[in-house]
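So, here's a batch of structures to check.
In what follows, chain A forms one complex with chain B and a second complex with chain C.
What follows is the complex of A and B.
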């Protein structure tokens, strides 16, 4: 088996927050996540807001330090990297954020925005820098005449292309995309998604794609991990997970999508996602689970169990059903 | 069916230092009693401006009405006085907005805010019909129960930050319904919500339409969400209605190239899609909108006629209207 480009082992990120003058509470934003991304693959992470998707991205990029667990990039343990070693790692992993309107500095031209990583990391100046920025603008199909414009002169889709150009400027191997299209119109989203797909082939990129839109993940990704309250509940190939969702939560997510030509999306879930500071005991999903939960669900937390191939699911009821085939 | 709302040849400009933005260009729409109409289109095509026109929320200047009329029941909304508006807003027409986080005052309890809305409506009633404080509070509890919020009486004492996004949107819907309006305008009611919460809110709106025989105009750029609730859809582009048909008809036989583009841009959760087609280009600058059909610079079917002659919204059948020379 080839080596994974990125491997997360039992990654955990807890935040301590104040509750009143003396008391504190622990917010378990990410609570024991293990994932891997193969070279050239696109892995999607889906889940509701508050499920810890973006925290996973921040931790694996070392923008914030994990509480526990290991991050392996290309076989190398980067969990405790710092100084120059960390700085040179930044070449290999980059991120595109959700809102292109706030990710660009309004007082910097498009040239400044795209040139910054090249100046910081490669020390490029003068004509070579201008050439390099122009080539990147060609790559993301932005007209070269935009080079000295300011962000406010660009549309949302164009700004997102600038952010992508900036992220791929140093030829990273892993690109983390944190909800890159959720601030955009559907027509623009379609442009950006098909562009991202081409770009992945052209630059042989590996994607970690975070989204709450399952249809977008289905379009762009090879595999998907479903997160809920800081843990992965189900993962596998997109076709397997979305066509035959095993976990009750994934089933509810798939059913909630409004589909054209049918009635309103079914709502299988009641209530909202609990807060990560007051985590339910046992299976973290049991408070909203539409299936009759077993007593076990309230006391013990289920692990990811393989179902078929690399399709895994963390649910006691599901494991039991698979172990005892119904007659 | 008698028509509840009737918009005829409505033209609106925004006067700015750069000149007049031709924001709405001859809108023709009508809505029957109890009908649900979805208005879809990209950002900047005038959906929200149309909604605010119906609610009389556009400040003038910069807004300037060039022609047309908006009739609601027996009221001429374009010539309504401040006293007329007080009787219409909240009691005949009500509106809910996109982001439930920003429309509640964080330092007042839910009860104070809901009761304020109800108290404000008492002014336009005859003295004998006015509610006293206890009756207002009882009414507040009743409308929170109407939107299926649990422990309504308890909820009145809570602050907005103690509620989740979905609950806040329910509170806003309850406030909108407190004066038993005949028309509810929902401007992107679920855009800021997660897909599972979106399914809950859409199901609630659908339920209210059935129970209260409410007419709804739902504005969204998400065709899926609109199709789930609305029986008719009007597609807007750059300040014009380009297509108007019952939902099933529009989805099965879209006739305008823009509608087809929007449908092709939607990623699908079922099955694999090889390509996702966006609509090339972006929405035109309304300071100098294109001559002829406003969509022609982005249209795959455009020819000489399209760049000279503005297509009128004409009837293809009893129920289907489209504004395109080629449909």
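What follows is the complex of A and C.
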């Protein structure tokens, strides 16, 4: 089995927040996530708002420090990397943020924005820098006449292309895409998505694609991990997870995709995701689980258990049901 | 979009800075619409012209260097002496005009030194946060808790009176405002996504501070500095008035009023015209600063 490009082992990120003057609370944004991304594949992470998807991205890129767990990039432990070693690691892993409108400094031109990684990492300047920026603009199909414009003169889709050009400028091996299309309007979303798919093949990139849009993940990704309240509930190949969802949460997510001709709304979840500062006891999903919960669900937290192949699911009821026929 | 993708990158200064030029034309347009902004601009320009060409414009340049015309003492305003003459028989108009340059230096040095001390401290405090910020901000608070002029008074008293010491003292009490301003602005800016994006690319802290945060602090900085020019000139004149600033024979507005005080109210013109000069200068810089704030920071516009 080939080495994974990125491997997260039991990654945990807790935030301490103040409650009033004396009390503090712990927010478990990411609570023991283990994932791996193979070279050249696209892993999707789906989950609703507040499930810790973006925190996973920030932690694995070392933009914030994890509370516990390990991050392995190409076999190397990068959990405690700092200084120049961390700076040169940034070359290999880059991120495209959700909101291109705030990810670009309004005082910098498009040239400044795309040139920044080349200046910071390679110390490029003068004509070679201009040539390099022009090539990147061609790559993301931005007209060269935009080079000295300011971000506010561009549309959302064009700004996101600038962000993508910035991210791929250093030829990274891993590109984290944190909901890259959710701030754009629908027609532009489709453009950016098909462009991302082409780009992956052209540059042989590995994607970690974060989204709450299942259809988008299905289109772009090979494997998918479903997150809820800071933990992975189910993961596997996209076709397996979406066609035969095992976890009640995934089933509810899949059922919520609007389909032509069928009445949506059955098996939809009620209520909101609990806050990560007051985590439910036992299985983190049992408070909203549409299945009749067993007593065990309220007391113990289930682990990811293989179903078949690399399809894994963390649910006591599923494990029990799958165990019965084979016994 | 595909059709103009091959279009060449713009060349030439004008084409490359088209966006910037458009922005400045918009600023100019907004500024022109406001009467008070234009009045401020007029007063500031007048002040700068008088400061630049002072001795050349003064009708009696020798009167500013301690000449004595005892036959001409305390003459009321006339065609020969539009602002009248003082107790040495010197032309007050000449002395007011030449005093402009002194005032400009005072204003520029005080605000300049204050910004040079305050801006790096503020940007550092805001970005680093934690202990470093606590230390810097508490020191700033100590300076802010004493009225600036009172503290400057104490410093001048210990250094000895004189225009140089007066400027040093005022510079030393002026910087805390800049720390506060830049610190609060930096606190807000460092949460911006583009700062995180710069970190993700591997930019070092100095680059983030001076390439990303500082340019976004420039507008409030310009606004505060232009208003502080007027206030610094007023403070220096106040110190001159109580005899701690420029020494009386030198043509400094505060020092002139200080002497003129004993000739009030019969020889009113002696105090009135230097006072008017201070008033119009402070008013000009305040209106100008207000106007700049309205265009550079439109959200603060009171409507």
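Operating definition for what follows: the second predicted complex is superposed on the first by the 318 of 327 C-alpha atoms of A that agree within 3 Å, B and C clash if a C-alpha of one lies under 4 Å from a C-alpha of the other, contacts with A are read in each partner's own complex, and residues count from 1 in each chain.
We take it that a residue touches a chain if its C-beta (ideal position, glycine included) is under 8 Å from a C-beta of that chain, and two chains touch if they have at least 3 such contacts.
This structure is a prediction, so every number in the text was calculated from the model and none was measured.
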| item | value |
| --- | --- |
| Contacts of A:105 with chain B and chain C, given as first, second, both or neither | second |
| Touched partner set for A:219, first chain B, second chain C, both or neither | first |
| Touched partner set for A:73, first chain B, second chain C, both or neither | neither |
| Which superposed partner A:256 touches (first chain B, second chain C, both, neither) | first |
| First, second, both or neither for A:269, with chain B first and chain C second | first |
| Contacts of A:285 with chain B and chain C, given as first, second, both or neither | neither |
| Which of chain B and chain C A:144 touches, first, second, both or neither | second |
| Contacts of A:207 with chain B and chain C, given as first, second, both or neither | neither |
| Overlapping contact positions on chain A, where the chain C interface meets the chain B interface | none |
| Residue ranges of chain B in contact with chain A within the complex | 42-43, 164-167, 194-200, 202-203, 206, 221-225, 227-229, 248, 251-252, 261-270, 272-273, 275-280, 282-283 |
| Contact footprint of chain B on chain A as seen in their complex | 48-49, 155-158, 185-194, 212-216, 218-219, 239, 242-243, 252-267, 269, 272-273 |
| Of chain C, residues touching chain A in the complex | 1-2, 4-10, 15-19, 192-194, 196-204, 207, 212, 215-216 |
| Of all residues in chain A, those that touch chain C in their complex | 61, 63, 86-88, 90-91, 94-95, 97, 99, 102-107, 109, 116-117, 120-121, 130, 134, 138, 141-145, 147-150, 153, 163, 166, 170 |
